[in-house]
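One structure is given below, represented as structure tokens, and several questions about it will come after.
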Amino acid sequence: MTALTIPLDEPGLHHGHIRIPHSADDSAWGHVMVPVCVVNNGDGPTALVTGANHGDEYEGPIAIRQFLWGLDASEINGRLIAIPSLNHPAFLAATRTSPIDGVNFNRAFPGDPRGTLSLKLAAFVNDHLIPEADVVLDFHSGGKTLDFLPMAVSHILDDPEQDARCATAARAFSAPWTARLREIDDTGMLDGAAERAGKTFVTTELGGGGTATVRSAGIAHAGLTRLLAYHGIYRADYTPAPSRALDLSDPAGFHFATHRGLFHPQADLGDTVEEGQTLAHIYHPEDLEAAPKQIRAARPGLLAARHVPGLIQPGDCAFVIGTDDGPLDLL
Amino acid sequence: MTALTIPLDEPGLHHGHIRIPHSADDSAWGHVMVPVCVVNNGDGPTALVTGANHGDEYEGPIAIRQFLWGLDASEINGRLIAIPSLNHPAFLAATRTSPIDGVNFNRAFPGDPRGTLSLKLAAFVNDHLIPEADVVLDFHSGGKTLDFLPMAVSHILDDPEQDARCATAARAFSAPWTARLREIDDTGMLDGAAERAGKTFVTTELGGGGTATVRSAGIAHAGLTRLLAYHGIYRADYTPAPSRALDLSDPAGFHFATHRGLFHPQADLGDTVEEGQTLAHIYHPEDLEAAPKQIRAARPGLLAARHVPGLIQPGDCAFVIGTDDGPLDLL
Amino acid sequence: MTALTIPLDEPGLHHGHIRIPHSADDSAWGHVMVPVCVVNNGDGPTALVTGANHGDEYEGPIAIRQFLWGLDASEINGRLIAIPSLNHPAFLAATRTSPIDGVNFNRAFPGDPRGTLSLKLAAFVNDHLIPEADVVLDFHSGGKTLDFLPMAVSHILDDPEQDARCATAARAFSAPWTARLREIDDTGMLDGAAERAGKTFVTTELGGGGTATVRSAGIAHAGLTRLLAYHGIYRADYTPAPSRALDLSDPAGFHFATHRGLFHPQADLGDTVEEGQTLAHIYHPEDLEAAPKQIRAARPGLLAARHVPGLIQPGDCAFVIGTDDGPLDLL
Amino acid sequence: MTALTIPLDEPGLHHGHIRIPHSADDSAWGHVMVPVCVVNNGDGPTALVTGANHGDEYEGPIAIRQFLWGLDASEINGRLIAIPSLNHPAFLAATRTSPIDGVNFNRAFPGDPRGTLSLKLAAFVNDHLIPEADVVLDFHSGGKTLDFLPMAVSHILDDPEQDARCATAARAFSAPWTARLREIDDTGMLDGAAERAGKTFVTTELGGGGTATVRSAGIAHAGLTRLLAYHGIYRADYTPAPSRALDLSDPAGFHFATHRGLFHPQADLGDTVEEGQTLAHIYHPEDLEAAPKQIRAARPGLLAARHVPGLIQPGDCAFVIGTDDGPLDLL
Amino acid sequence: MTALTIPLDEPGLHHGHIRIPHSADDSAWGHVMVPVCVVNNGDGPTALVTGANHGDEYEGPIAIRQFLWGLDASEINGRLIAIPSLNHPAFLAATRTSPIDGVNFNRAFPGDPRGTLSLKLAAFVNDHLIPEADVVLDFHSGGKTLDFLPMAVSHILDDPEQDARCATAARAFSAPWTARLREIDDTGMLDGAAERAGKTFVTTELGGGGTATVRSAGIAHAGLTRLLAYHGIYRADYTPAPSRALDLSDPAGFHFATHRGLFHPQADLGDTVEEGQTLAHIYHPEDLEAAPKQIRAARPGLLAARHVPGLIQPGDCAFVIGTDDGPLDLL
Amino acid sequence: MTALTIPLDEPGLHHGHIRIPHSADDSAWGHVMVPVCVVNNGDGPTALVTGANHGDEYEGPIAIRQFLWGLDASEINGRLIAIPSLNHPAFLAATRTSPIDGVNFNRAFPGDPRGTLSLKLAAFVNDHLIPEADVVLDFHSGGKTLDFLPMAVSHILDDPEQDARCATAARAFSAPWTARLREIDDTGMLDGAAERAGKTFVTTELGGGGTATVRSAGIAHAGLTRLLAYHGIYRADYTPAPSRALDLSDPAGFHFATHRGLFHPQADLGDTVEEGQTLAHIYHPEDLEAAPKQIRAARPGLLAARHVPGLIQPGDCAFVIGTDDGPLDLL
């Protein structure tokens, strides 16, 4: 049975693991061990903070490790459940999906205690950790194959009170961009699991390319610190910071490749583009005489995400164009 | 026997392949086919221009494909031998080294006509293409695991005349940075093969991370165009552009990781750093209680290259620190 | 959500894709793209024609590509939904089953919109394409491991009207052999999905060995053309051709190997065999002193299918013996 | 449909297979064939005896093969259904889990006739073989990654009559140790499937390390012979032998590693250990300066199982400590 | 040291192995064992007969196994050294090249006793077996990726006496076609190793596609029997049979693909083709709108070999066109 | 260039690495880092002590790590160069041979600075470390596939003085068995490299099966301590211990399997066997009707090594029989 090896309710700072049975060829009675830190002090609310839901996204793990390192329980008021590498097997393998069952962990919720490893882990998070939390922050970035303008994200929710709570929390994170989305289908996502449980939920997209920079890691750490401070869980003053509103809700903003080849972008992240503008040439991978194919902008707007690898294949998301809705008020 | 399927000496623009015998499980009498374009017109010199010597470096292939697309033979004076993806199997596989024999192609020269596939290809380039050239440009970038300040590079050579020729050619490329290096050991490199044959040789490092951006691809294409125009092979005016001198000759500038973990950089490409400054924290991949390890600057200078992947392992090149020697004169 | 990128209902010839979301390590927001051509003209019925349900069967893809190339919408009366490589990932990988989820696509119906990739694709075909069709033709061949006498097949169905429709359609295909079968268990098959929806359904077995010949591809193309002409969808005269009836309904005709080794057949496709006749010797793969094992005919009849690979393993289908029921009347 | 190729009810000794359909890239109409021997003679009860439920456990297959070789049907009174390598694909691959679907076969019950290969096989055993049996013996050992004191095991069952039957059968096996356990969760196990069907069920743990020794194979063969003789199925005198009672029911006896590294055990199988005693040092795999981690005994007792591989990873079962409850009476 | 486990010089029929040391992860002091049969009787010459030089070519192994099974030493006059699966690891893996070192065994001669496994084996054959032989027959077929008209082959040699001996031996084999070739470069081939040692050498190409048929295996067995009888090594009457001369010496007869895609042949094995005739269409693997590419005949003649797999890639040998030089005289 | 990152000649205890350039797909300018500890104190001789020459042999690494942990430089007189995991990539992968180039490291000497990674490392050890040493101890065990009686080994050398030095050093190690051997061919071995350089060389075989026990690790640590103390490098009293002489020089003692199957040993390590005695039965892996094959003792003696895996394949070393030459005198 999947279990947490440390208590959630004892005061102090505790290091342990989510331990998931995994009988495998290299370990007959083995387990996957996901490192967890629980800090319990005072009577404030509980934050559940997770990184590496996808194993190749690094701003979350870095921000959580940086925040935890040297942290004293006295700096917390309430409870912090911190899991720097939630999809730990994928994190160790530097892959988006789990190397054990090939599952995209953010499509595994609400999980299944008798399913594959990812489903067991999702079930434990869904059944035992999310219910304990008031605020849930699940870090994402573009991973090895996408790059994003740095943004915190809240979803458009039916309950206006929860919607406002989540939007405020995303604003409190204060990434350079703050996006609001309505997921057409949130089945399987940790996002929906937390939101349906009524939690204040924030996610992010912070850079990508399978790397982290000084800047992107800094945004992640500052956002985590601000979010916890804003909710009174981290005993520090909340310091407001500017952010711009980003609208990614138009499906026409998503551009998918239909040909395979060498990807030559004509517009970069943050560029403002016109409808019909050429966004990329795709050269045939080996036929020098074939005419390059073009990807053209289906709508005007702000280039908010882009394909990273030098080669592109049919079906890859090449670009996302959104709308810059201008500066948000300071919180 | 490895062969070129098109003539080198007939006027006009010709598309063909270097055809290398490769009997394999999936093709009993198979060959690897490396696409080549030869443009022959007028009495100017010959340029050999190659991309994807390492298969995950994209600025070169893009610049060559962009240059060739729509090119008319009348725009050339002399001869252009253009090979956008020299290490074609690695380019198709998006890997640095050849998926066929695991060889780092830039350690395969002078090659061996009876060796593995990479050695056969290197031998053909060494024996049949380099001898035909006056100017050789071999594009490199950082690939999936390194990122560089964009630079053209010439080597410090014993023959002052050749040394000046190569340095001038690198300056003519006009990347933002122009570096000069002395390779301690150029055994196996295309660079040395071209230089020992007395050719005017230029190489580059233009970005990295397994991607190309509008800016990095633009530097590559502009540099290729300028280099060919400067040597009179491309019938267009040479337009000078600024560049700064970069000195990467100090071995102490190369910083290698000694621990495995999550890589949290503290300095970015282009930053000026002090000796002893912390350049990165490395967090243990799964022990949250272990103290992070530090990489500190062994010398002051300009951060000219950095490790890309979010995880780092012992022996990885984490950073290269060089010296900014200031603006170069316009050519 | 899986979607077709082109309309089914607009006049003219349209090229597009079935686009199936597939978030993977090499494409975070990726999709699998199955090429589709829809030709819509006039008021005739609709044919759904599919190849490469199994990725290593080539007569179907070739016949569809040949038929589509140069086709003008005016040649169609009604609608043609043509999918040359339905199991596109397997077709690209030259494997029977999908390289993405290991699923045998012809056991994936009726599919599941939340299942693995093959199940999503099957659900789309089942829910959105089959309902649009009057006639469904799903091409099969033996693939890399089996070889068949060339045959069109209809199933023995409970509804006499549908049964007659399907049998007539198979006869209209006019392969050298026309078989009728009752599937003991058609769970998961596209066949059953189409038949239960009341469609006129035809499938084939046309050669095999992972290759196509002039003859086998010709039978496929002629059969496709005849089938469409017979149903008035292709504006061309239907030209009748001879065919013989083949009965494969006896379970005793299926011969499975029980030993591993080098397969030495003693009877070829199309041979008439006696009960008890030796059909093959199997030599031990490395023990030269071991006596070869025999496969003997469990019934007399026509050898209609055979194992292809030079080695055989326990459980492989070595031979299928059917009954030649003589020439069919011209349609 | 999965089928047994030999009859269960005809007198005599019959060799055949469980034949499970498995359409794969290397065999379009292929099957997995699990070798089975059925011996039917006289009016005694039926024993179902299985080895290699996990493919890297060898005492069971050896004991069954040794017992079958030279066996004459006249030596049996009743029926023996013997399957030396139940998880035959894993046995051939020398892996714990199935190389075909990655399933741990002892978590696959009651199976599913439409599931993956392991589920189909489990369903056949559950639905068609267990119901035929009176006594079920399923051999286990430690496999490649665990090593056990040699023991026969019966489960503590709610029905006192069945409980006594099973305990007596385990005692009749007369391994050096006889253990009684209550499985907290026997979902998916062949054990539970047999027990819920009311059968007399015995399992074993006999050595491990992916090998068998003269001694461990001898215990297995003697135990099998005794068990069959005791139940009157093997026509030979039952010869009693000593055994000690072993209690493995304390969850605190299971010790899991939390660090990765080189495993240096400080206690061996069969040692008596004190609470708090150091059981192992774990050296960091590459940092010579890092202090080794310790595994300490959480309770006193007898060291009944241990980790085998020289390296250990988080979550591996390092040791199991049980209680020696002294010699059992001769049966 | 590589060794033969049976004597070459003792009378009688002996089964054994070439034993080649191969220390590997799965066998620390392991060896590769190549099965060999030596039959020594009377004072006739010595034949060395080898199959599966390439592991996916089956006519040779079948013919040799069929010939050996039931053979009595008294039927031989002289000596037969028979190796049905010379490249035994590749034969077991059903691959052309060795799964151990990736080497094409027919490019491994004269071998190297300190090289990789294939080189060690080649050295043993070169140094210890070929010198013992008078006649060497090395069976080849097309393997999984090529298909040939069935032919025995002798090389055009500088020494007229040896040339005549070899040509006569090939004629004695009496395959439907008898070809004569001059290898441009026979470096690494068993052929050249045997010829340079002055031996009477015959090779074959007998079918292909990774299978054997009743007909192709029959040609192989009849040819082997005839060759041995002709040289007096097999005590049976030599029975002459018809054959036609085939000239494959024109390099222009070899047609290589330059595009990747679905291969639609327009001419079959044995067809007579005109210069310029379309031999195949190649459809783009996923772009339905792209025009198919053509392969056209570069010369007229007889289509003697063809590409097998349904997909084709650049560099694959698509077709070989030779010249039918008419019937040869009976020997 | 391969380099040691710490000085050999400075007093004190130093941790560092042998750093070998290894440009790979996952690290463009990467290196393999082999951990090394150098302890330099006083004027005694130099010992080079290495473990994990084969990556799956654990007694050496454990003994060296145990010896180093807590060691103070003052305890050394002279110099200790300690490399716990010489073949570090194989040690991390738990494989005998290198996962990078597949090389058996103990066949890689004298190495090649321009060769594959293993050859570069061997060259560094050969050229830069062995010359510095007086005494060389290279630990071996049976690895995953063999198990040995625990023994220290010296080779029979032509130079009587060196021969005596080495034999005395092996005796000083005081494993339960002390063997003397003459290698027929020591090409490529570290052993020969050290011996040809005139060094006092000792190797071991200590257990196996891919694990270490309390006993085997204890023999290794005690032997290392004794060897260093005997040579005055470790400042502790040398305490003599008993050992028996073992003769493994008879080639007839090595028994190799000729059949594939389930391995049922009939004799264990340390047993005394008679000529002709059955040592093992090998059951066919899937044919229950096939008679088991036997391995019989080719000579009488002491069973000193045995095959570990439950399955065996042709060419595997099944057993080694040596001669017990009785107790050796205390040193």
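The first chain written gets the first letter, and so on, giving A, B, C, D, E and F; residue counts start at 1 in each chain.
Here is the rule we go by: a residue touches a chain if its C-beta (ideal position, glycine included) is under 8 Å from a C-beta of that chain, and two chains touch if they have at least 3 such contacts.
Please read these numbers as outputs of a predicted model, since none were measured by experiment.
Under the contact definition, chain E and chain F share the contacting chains B, C. Shared contact partners of chain C and chain D are A, F. Across the two candidate interfaces, A-E and B-F, the one carrying more C-beta contacts is B-F. Distance from chain A peaks, on a Cα-centroid basis, for E. Between chain D and chain E the centroid-to-centroid distance comes to 49 Å (mean Cα coordinates, whole Å). Our note on geometry: chain A versus chain D, Cα centroid distance of 44 Å, whole angstroms.
The mean-CA centres of chain B and chain D are about 58 angstrom from one another, to the nearest whole unit. Annotation for chain D: residues touching 2 or more other chains are 33, 56, 144, 286-287, 309, 314. Contacts between chains form some other arrangement here, matching none of path, ring, star or all-to-all. Here, these are the chain pairs in contact: A-B, A-C, A-D, A-E, B-D, B-E, B-F, C-D, C-E, C-F, D-F, E-F. Residues of chain B touching chain A in their complex: 15, 33, 35, 37, 56-58, 61-62, 65-66, 68-69, 84-85, 88, 91-92, 94, 144, 147, 209-215, 217, 262-268, 281, 283, 285-289, 291-292, 308-311.
Partner chain F is touched in their complex by these residues of chain C: 259-260, 286-287, 314.
Residues of chain E touching chain F in their complex: 1, 17, 19, 22-33, 114. Every residue of chain A that touches chain C in the complex is listed here, in rising order: 54, 56, 95-97, 104, 107, 142-146, 184-185, 187-188, 254, 256, 258, 309, 313-317.
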